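All chains are identified by letter, namely A, B, C and D, in their written order; residue positions are counted from 1 within each chain.
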Amino acid sequence: MNGIHDLGGMDGFRLKERDPDEPLFKHEWERLVFGSYLALKAPWSIDESRYGVERIPPERYLTMPYYARWLYRNEQLLIKYGLVTAAELADAEAVPAVAPRAPGDRDASRLLSGMIVQADTTGVMPSFAVGDRVLVKNEHPEGHTRAPRYVRGRQGVVQRDQGVHVFPDTNAMGLGHKPQHCYSVRFNATELWGERANPRDRVYVDLFDDYLEPAP
Amino acid sequence: MDDKKVSRREFLAKTSAAASVTAGATHVHSHEAADDVQSEYSLRARALVSVLTKKNLIDPATLDQVVDYYETKVGPHIGARLVARSWLDPDFKDRLVADAGAAAAELGISGTLSSEFRAVANEPGVHNLVVCTLCSCYPWPLLGLPPTWYKDTAYRAKAVIDPRGVLREFGLTLDDDVEVRVWDSTAEVRYMVIPERPDHTNGLSEEALAALVTRDAMIGAERVPEPVQR
Amino acid sequence: MNGIHDLGGMDGFRLKERDPDEPLFKHEWERLVFGSYLALKAPWSIDESRYGVERIPPERYLTMPYYARWLYRNEQLLIKYGLVTAAELADAEAVPAVAPRAPGDRDASRLLSGMIVQADTTGVMPSFAVGDRVLVKNEHPEGHTRAPRYVRGRQGVVQRDQGVHVFPDTNAMGLGHKPQHCYSVRFNATELWGERANPRDRVYVDLFDDYLEPAP
Amino acid sequence: MDDKKVSRREFLAKTSAAASVTAGATHVHSHEAADDVQSEYSLRARALVSVLTKKNLIDPATLDQVVDYYETKVGPHIGARLVARSWLDPDFKDRLVADAGAAAAELGISGTLSSEFRAVANEPGVHNLVVCTLCSCYPWPLLGLPPTWYKDTAYRAKAVIDPRGVLREFGLTLDDDVEVRVWDSTAEVRYMVIPERPDHTNGLSEEALAALVTRDAMIGAERVPEPVQR
């Protein structure tokens, strides 16, 4: 979707100051949102999780602090998958506790990896090789995609083959893994931004096979 | 209509001055700061954790361990070790650039199996900057959780179209003939920058070098500062 | 600028209901904002006036009601041109009244036209003719522009020459009228939006000479 | 990860259902409705008018006249006259399509000198829709001030990428083989739509026909309804 999250190239925002001493979590609720999400064995993929954030209404997206977006997404996905109900969230006191089961996997370093599906690479061939000139298709899918608007219709050069990965556009929508090669594509900044850019500058974007076609 | 020529720079300076004069008077609401908003988030977060716990969907001990892991175990000190080692050992640097996850594993750093990691090296005439325009992708196992400015809309918007302006605001003015390489983390590959080793660091140990390396330098937002003279 | 105002093609917003009976002004302050702006003999052009709205910070733009954007813009421009000060707006009571001058032009139908500069068309030749295939340059100026992002880099056909007009990109910035031809350019919806569009559909956009080059 | 195939339509339906269930619970603030915001706007607007009046930059009588002009003199009834006339007089319709400002002037309609006006005609197999994606450009002298939905972000965002979806939400489902023409008002040309004349209107006077023509039909958001049967 051409969502508000697709911010690359937008003007008018003001940079936040860098604070080398800021805490990871400014408020206790942020800690709870982060920790509970990672502690959960979520039945959805990281792609659907990102799509959940993207569908926050634009005017709210821009005013929400970072972890408020997570909170919104977590609520929506838990409800969608039937793990909790809106009524339960509205009246948590009234929810009865079930007897605790055996504790799960507590290796924090591994919790996140469960959401990233390792693709089945069997027989998946690359359409492009390092050095190929490619054109990013000008597609505007209604669902999740990881081809930002600012590269669509623009030409670049394949700089590295990043291997085979699950395709976010289908995986986020429950439409299958569709494993395929992903490439680091190098764009001249002037190809993306015209005269505004310094001709020396380059932007590297990781793009999936399905986003690309040979440059004409 | 006055057709007098004003330079674009002058014009922009004038109008932004006017904007800042009335910023106080005209700003209706600052959401993030509002206490009632924070308390609404707090209520919802507590309700969420309570329901998940009662329904046995999370173990509260796991929640604590996860938070503790990111607050105390993982952080920029890991990336700093990799950078310091790469400054001392050119072969290691080559391996780090080729496959940062594998190079990190050599030093016993874990958590790098699920994604691919790339280290991109600054050098004379080349400056790298990492961003995630679509969300907030960041090399957690190497640098910990990202800082607020990195996740903020403004950085995500500007880094790809005006990296030099971003760096200037951050205090780093690059010469026009430096090549800026911006890395937009749009897939499951995560990037960190190997900053240039500062001058006057000859003879420093790997540990002492690592202590110089800042988080923001490993994103490309600044240079590693010279060691403080004693 | 690639501002938040450049909304064409964005997903995630929800349409407002159509209300055939809504009043022109829902609140008295809206009436005041509208009326005072039109009653003013503004020293700026309509282009600079639009640019004033575009520079509202994005997160505020999306949450502001329509006439609140006007109010913000009016305050900013009046201050920029030295007609009022922020201090006066903050304490209107303290501002002394000057003796009234003779009443101005009260023909309401003509008030707005004062802001639209009639271009000097002498010697301004069109670069394109009806039927020409054109490419919209992929430029991303920092200042005001009326070439929306969704047509940049895309190809269309000149469908009508709309005559000579002042160029908004320079006029809004105080950089001159730069009068030039403006064209109605017809785009196939699929050229703009790919597979998402119905192949029968067309989008017509009025584009200035400087935005265009011959299609390759 | 469950790899079961779900159709995109089903998926979207499910997720939007979930969203609406929690819309109440999770919506922190509705700005436009908040009384304190309205009162802040009100204070600022009054201050602005007061300062402009005291400094003799506006004449309050002009302010009142301007508002009165748009509230009572200009409005969709003007465009409706043009449409009705065009239904009865094919030559007039040709002139209206060629130069709507000049055709309006024939009927004594003023205020059309500063911009150019175009009327685009619906016909069997062609439906026109007018939008201003960048701001809120609209043919004021012919239709009055635009409705809220036209100025709103959602319409501006969707009309160019999904005109059929917009029309469907507005209650008008077009066949796939109808050509939709969207007019984005990006310069000083203003558009209005000449809707198709409804059936069962034979013998109606120009006035009676004009009374049928709705504002939204002249934007392309709906068809002109059939006359009510008595």
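Keep this in mind: a contact is a pair of C-beta atoms (placed from the backbone, for glycine too) under 8 Å apart; a residue touches a chain by one contact, two chains touch by 3 or more.
No experiment lies behind these values; they were computed from the predicted model shown.
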Most widely separated chain from chain D, with each centre as the mean of CA atoms: B
Contact-richer chain pair [A-D vs C-D]: C-D
Inter-chain centre distance, chain A versus chain D - centres from mean C-alpha coordinates, in Å: 36
Length of the line joining the C-alpha centres of chain A and chain C, rounded to whole Å: 34
Mean-CA-position distance for chain D and chain B (Å): 45
Centre distance in Å when chain C and chain D are each reduced to the mean of their C-alpha atoms: 17
Interface hub residues of chain A, defined as touching at least two other chains: 2, 9-14, 55, 58-59, 62-63, 68, 75, 89-90, 140, 142, 192-193, 196
Interface hub residues of chain D, defined as touching at least two other chains: 25-26, 28, 31, 41, 44, 153, 161
Contact footprint of chain D on chain C as seen in their complex: 5-20, 22, 24-25, 27-36, 38-41, 50, 53, 62-68, 71, 74-75, 78, 83-84, 88-90, 92-93, 95-101, 103-104, 106, 108-113, 116, 118, 146-148, 150, 162-163, 165, 168, 182, 184, 189, 192-193, 196-198, 200-208
Chain A contact footprint on chain C (complex, rising order): 1-4, 9-14, 54-59, 62-63, 137-142, 149, 153-154, 191-196
Interface residues, chain D side, partner chain A - complex: 1-6, 8, 11-12, 14-15, 18-19, 21-22, 25-28, 153, 161
In the complex with chain C, residue positions of chain D that touch it: 31-32, 38, 41-42, 44-71, 73-74, 110-111, 113-116, 131, 133-136, 140-141, 144-145, 147-149, 151-164, 166, 169-170, 176-189, 214-216, 221-222
Touching residues (chain side chain A, partner chain D) in the complex: 2, 43-45, 55, 58-60, 68, 72, 75-76, 79-80, 86, 89-90, 117, 140, 142-143, 171, 173-177
